[in-house]
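Chains: A, B, C and D, in written order; residue numbering restarts at 1 for each.
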């Protein structure tokens, strides 16, 4: 994949929560750091000291937004946090999270991962009733519904709000005295519960638990809400049960390989994808090369089954992510070269299988193929450890329009030709789902199939 | 005065607006720079390109918050702006202005100078109806009332909102196509209209017009609303007329001396205050010394009438306003010395009249008196060009509690003793009002008298 | 004067030293802050802990360059410091001071105020002998001469170096165990000795002593070197005595008015200049207005003698010094307006005497005159409290070429015409020297007369 | 290895040069970016426009130090640059490079990679002759020798200087009209020549050439100097020939795997080290896991030969390198966890071979072993793809004292016990040299053997 040199996919976010820890903000800060791959544009923490909420948000990485002074602004023994890819909305309005507000019953902070599919309709209804919106984040819709609810408890208000929304949401929320976690009935986005020396923890992925030395307890179940107070953790399942539809793309690309999500090891699933890919789309070649780091595990799997030696054909720079001054006299494939550099000695004269996790627009893959050819590859066989992406995601993954999805517009052969590789092979949907644990577990694969499990009342106009 | 070394009074803000200028954001930026004395903590600009609003806000001075890149974020030919002293609210919530939102009828940005006296009541009512509040700024109350109005025009909504609020407000607002300015019926805070080569301009003070080469047209009248569109400027006077109660403290301290507010030159008013002070509270002395820069004009006036030579007894540093590292081995009067330095040669052996504009807590004045004595002054006679401040302001000036107002608790003689000066004299209320143009013009002098012209439904709990 | 809006003259620097104080670096930091008017481009401190030297330098104001972390880099109980206007040299080389080096005998740090007039010759000689130069600061020449000396003591080396140089120098230096201060035989630049609870202090001006609560002891005498060690202060007068030639321009403009230099109060001298100016160049007018702050004291003096009321006709902004984004549609006199704003009410219809300290290129004065006319002044009479500047300074003041000195090229009448004022008057040389204490005290007035007291072996090629 | 979490070895530097390119500074900036792994603490570029030299240096990464404004400070069509690990010297003195100076014959800038072994002696001699030193970088010694030379050409001066120094140096230098590259007679550090559309390029490693699309021409040979002028490239071999002693540790760790140095592919050499390691120190295990990224290639090689599956057992974070706020309630192995995270699913229940490139202090390796055990590894077998490091490097690699080199003090078995692994195996010296191309090529392996090829006149006192 690698649609642009410094980042390709942009998940909406990662969320975190902790209750009853002396250093709640600091723990949230570390927990968010481990979720940094889920969003690099802004970071925020809201905390409660039992009486009032505190919040600090900023643009940039967690370690840029928070220093000792900023952490001191979010005191208390409970906190939630959020990392986010981008300000989706225009107009320079503020979409950073957690959104922290006062309402008729006190204060609440909410942070959310996913995408609501009826946000536009709800927003228009709320505006017609006199609500104002500062930004475009779906979270603001949830907060308004919560504030307008006539229920007389936090729980009641939250149920009113969450019953009104459609789409994918894994959220954490904080009131003066309660930490809340919840996942939509389909369980599209991940959310797990951990335990840090007795303090309950919520996080998008288990890698967040590892860093802070918290134990993994279990996933928040699809359609489950958990309320954490001084009296312990209470679970609620207020929604009509539906079949789980976990986002398989989390397994393909988003989640960190050392995480365990949807009851499976991300690393193992990816390596198995590569194995199955080798079975489905074998290649005659001398070396299997990953596009680091997103294609690494699948390339290993491809090598396992194909018997073709696994090699380091591309090196990833540790120093990108900064603004670069491009020379006027342009350098070929400048952008991708800042991030990836071919290992000429491994490539020259070889028939190369290069493995990536997915293919969106195809522009970066074309550059990688050109890099490999420039380094002397005799043949370049591109293998993608997921099926062709033919449909946009409406549940929280920032995919482009159909017109920019190369596989929505071209045949595999036509894509191959455009990319300039000698062969191109994808993993089948069946192969993908089997690697992810089996279709029976319930996955959303709409980006590969157009089979959208949740109604999309308000498709984005793009 | 000089209650603390780097800033003493903190007005709530300054506001600015311009309509129909190619470089609207840039003009707003310069206009706000000229209002920087009214607020140094945050700055913001919202603009309209005719279709949508854009906004950029930040902490710090105008020139810190806005560079070329930031100004590019607020395109369009109309803009409003705001500078603000402080985030009044706690909880780390966001109070910067203009507040820019989407509501049922489109978008609106509002910036406001003053203080609402029934904000708490309105806020509770709005919260009970499901509104959420991100911060504690009164402006947010106005925006919610506006959004909840059932009126079907911007004008109707705004009237609904402004009829509900009590207190002091001079505001600017911007919708996609209209620039709005307005002043509460009492006209507590200033707001003027200017003309920049045909583009209407709104500003808190006329000094803002000077910098951008705009002509002064007139004051927005108390209780007047002006709507600026492509079709021109329309004026509305929707409120029942009441007697003007312009804040006399703007004349005493807030406004810049090169401004003209409330139909009078600030500089001339202040010099006349000093003249009258010399008549009311003469002193036997060798030199008249201002506390720069707030006491400068009054000290000149004092010298005019007393015949005592005017001299430079204190020098003001141009380089404060930064964080300073105080040595462990503390320096006497360290804070005030960073800002003010005595001119020993002018002071030694002299009987000094030192003139300041007002006296709040008295702590800084005590340090200044000690500085002058340390520099060899034989006698120090403190003269204040306004009456004793005995009551807090509820209309937009950040005065402390009564318990911290030295004149609310001590007699003049007791204050003199605490400050350590040889004599202390204040200007009378009558003298002040006469200097400001005459009582007949209608002034609010509640801080000196406790005579609050506007009902204070929700006094701050302090 | 005011040749450009944000700063007009640029003295080379200010220097500071302290010996035997627990918080030496912190004291140096404060001492330099009080000398900030002598240089805003870079700041540096070198310290000794008795064994080795430490240094930290940076671009910007003292408070920008030094925070707690930076002060911790310069430990020890003795320190010297420097503020500097600009990197005179080209080539992006480093001219910040103090210059701290290791040499054959240990380490030394040197900071210097003034200008050597044979630096080019010495530099060429030293380079021919194999010395390398990192920058263009004269200080580097002194350090090289010091290092190359065959003398076997710090004192001997320093004498070798200082006997070789010509020009103006007031320097502070620091070795592992000794603080040194010195002034060239003519005493062109100021340097004073103070006492901070027993710790000897050196500073360019007495205002630096005031801030840190140090007592003024005496000036370092022309041609005197002082060596401060654990054993006390030792004075040396190693040079043949010559007549003192103190820079009278320090009195006219550079020094802070609360300082005492060359045995006189700067404030008093300036006020006396204004008095004499009124006698020599009277005007028929209604108001005397200073160009703040450099013309303030002289304007007071002018009012004293002329009997014309002193008034505030121009207000100086506290918020300049930052980069400003100039609108494309240019504003008249934009630059000067950011700094100075006319008080229209004081000016309109008046005959105005505007007093400034000096006139260099005349461009800013022309803008000020236009501002005053734009504000309605009926007549504008410019009075300069020093003589016409006809010659560049070679002793440490950054004056332009003769071709850019308006008074070197035009008659007074022609200047008046160019500036657009109704009359123009200067103070005479005699009047200036008398105000400064009398010609007998010995002043350098070369910028007014071309009478250069110290040979200029290497005039700058400009 | 991984002695501390954010970086383990610190080579002295990387150097770069280009001659005759319109955008020389921009090319240098990109070339240095590709050498960023050789030094992250400071970066600098010096350029020539044919008449004078320009320079800009700063602390931090290349992309932090240089933006468009900074690049504009180094105009001209020829430039050299430098990245550096650390300011070795104390006293806060300036060691950043290139060092740019004026000397008797003009200007020169020098940047250097390596370490002189008689710098102390030379420095003392130069100081005795009157030279001053601003920092502690060896480069300054070279520059002084150059400046003091009596030769009448740049070439003559440079030869005088380089004949006097002992140790390892690969340098680039720039005068007004000449770009110079050179390598010590032993060829300890790498330096290559490239060609960018006709413009000669010098760089520490070939990866730097790839990024800018320059062709690799050849290595600068040991003892060779190249002079690049308008007239072309001239080569000189002024030193008595000695046997090449290229630093084998460049192959083990320093160089980037996509580089080709010392006539061999770094990646291939490392993979071969891993292969040989598997032969010499086999293990009974289920999975081979690299310590990413330094152990990756060797782990692949180990898997090649052992037949044990290669797996991703540790994930490296892309977001470290920033300052982190450690929680008071400490997290086990906090530092290493920020950088490396175990993939529990790959590790649990497995017998793990973990491969790293080298072992210095052993502290980080111990933490990694503990992480793997914490993730459920049944057995942990540590394999190091180089021999035990028993001696410090004096030629440019920042190794600790012998007392901190674990292998200098403990037997392999004792190290194993301290690290807590089940077995520990090193690659033999012979195995290493064979993998690197054969002992006959001439390598320095002093860190493994104590056989120092170049006399160490001044060992560091540590």
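The rule we apply is simple: a residue touches a chain if its C-beta (ideal position, glycine included) is under 8 Å from a C-beta of that chain, and two chains touch if they have at least 3 such contacts.
In this text the structure is predicted, and so the values were computed from the model without any measurement.
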Starting at chain A, find the fewest moves between touching chains needed to arrive at chain C. 2
Find the chain most remote from chain A, comparing centres computed as mean CA coordinates. C
Superposition rotation for chain A onto chain B, Cα-based, multiple of 5°: 180
Could you state the distance in Å from the CA-based centre of chain C to that of chain D? 48
Provide the C-alpha centroid distance between chain A and chain D, rounded to the nearest whole angstrom. 37
Distance between the centres, which are taken as Cα means, of chain D and chain B, whole angstrom: 60
Among all residues of chain A, those touching at least two other chains are none
Topology of the chain contact graph, where touching chains are joined (line, ring, star, complete, other): ring
Each pair of chains that touches is included here, namely A-B, A-D, B-C, C-D
Chain A partner, complex, touching residues on chain D are 22-23, 26-27, 29-30, 33-34, 36-37, 61-64, 66-68, 71, 207, 210-213, 256-258, 260, 265, 267-268, 271, 293, 296-297, 300, 304, 309-312, 315, 317-319, 321-325, 327-329, 331-332, 337-338, 341-346
Please name which positions on chain D make contact with chain C in the complex. 52-56, 73-74, 90-94, 99-104, 107, 123, 127-134, 143-144, 147-149
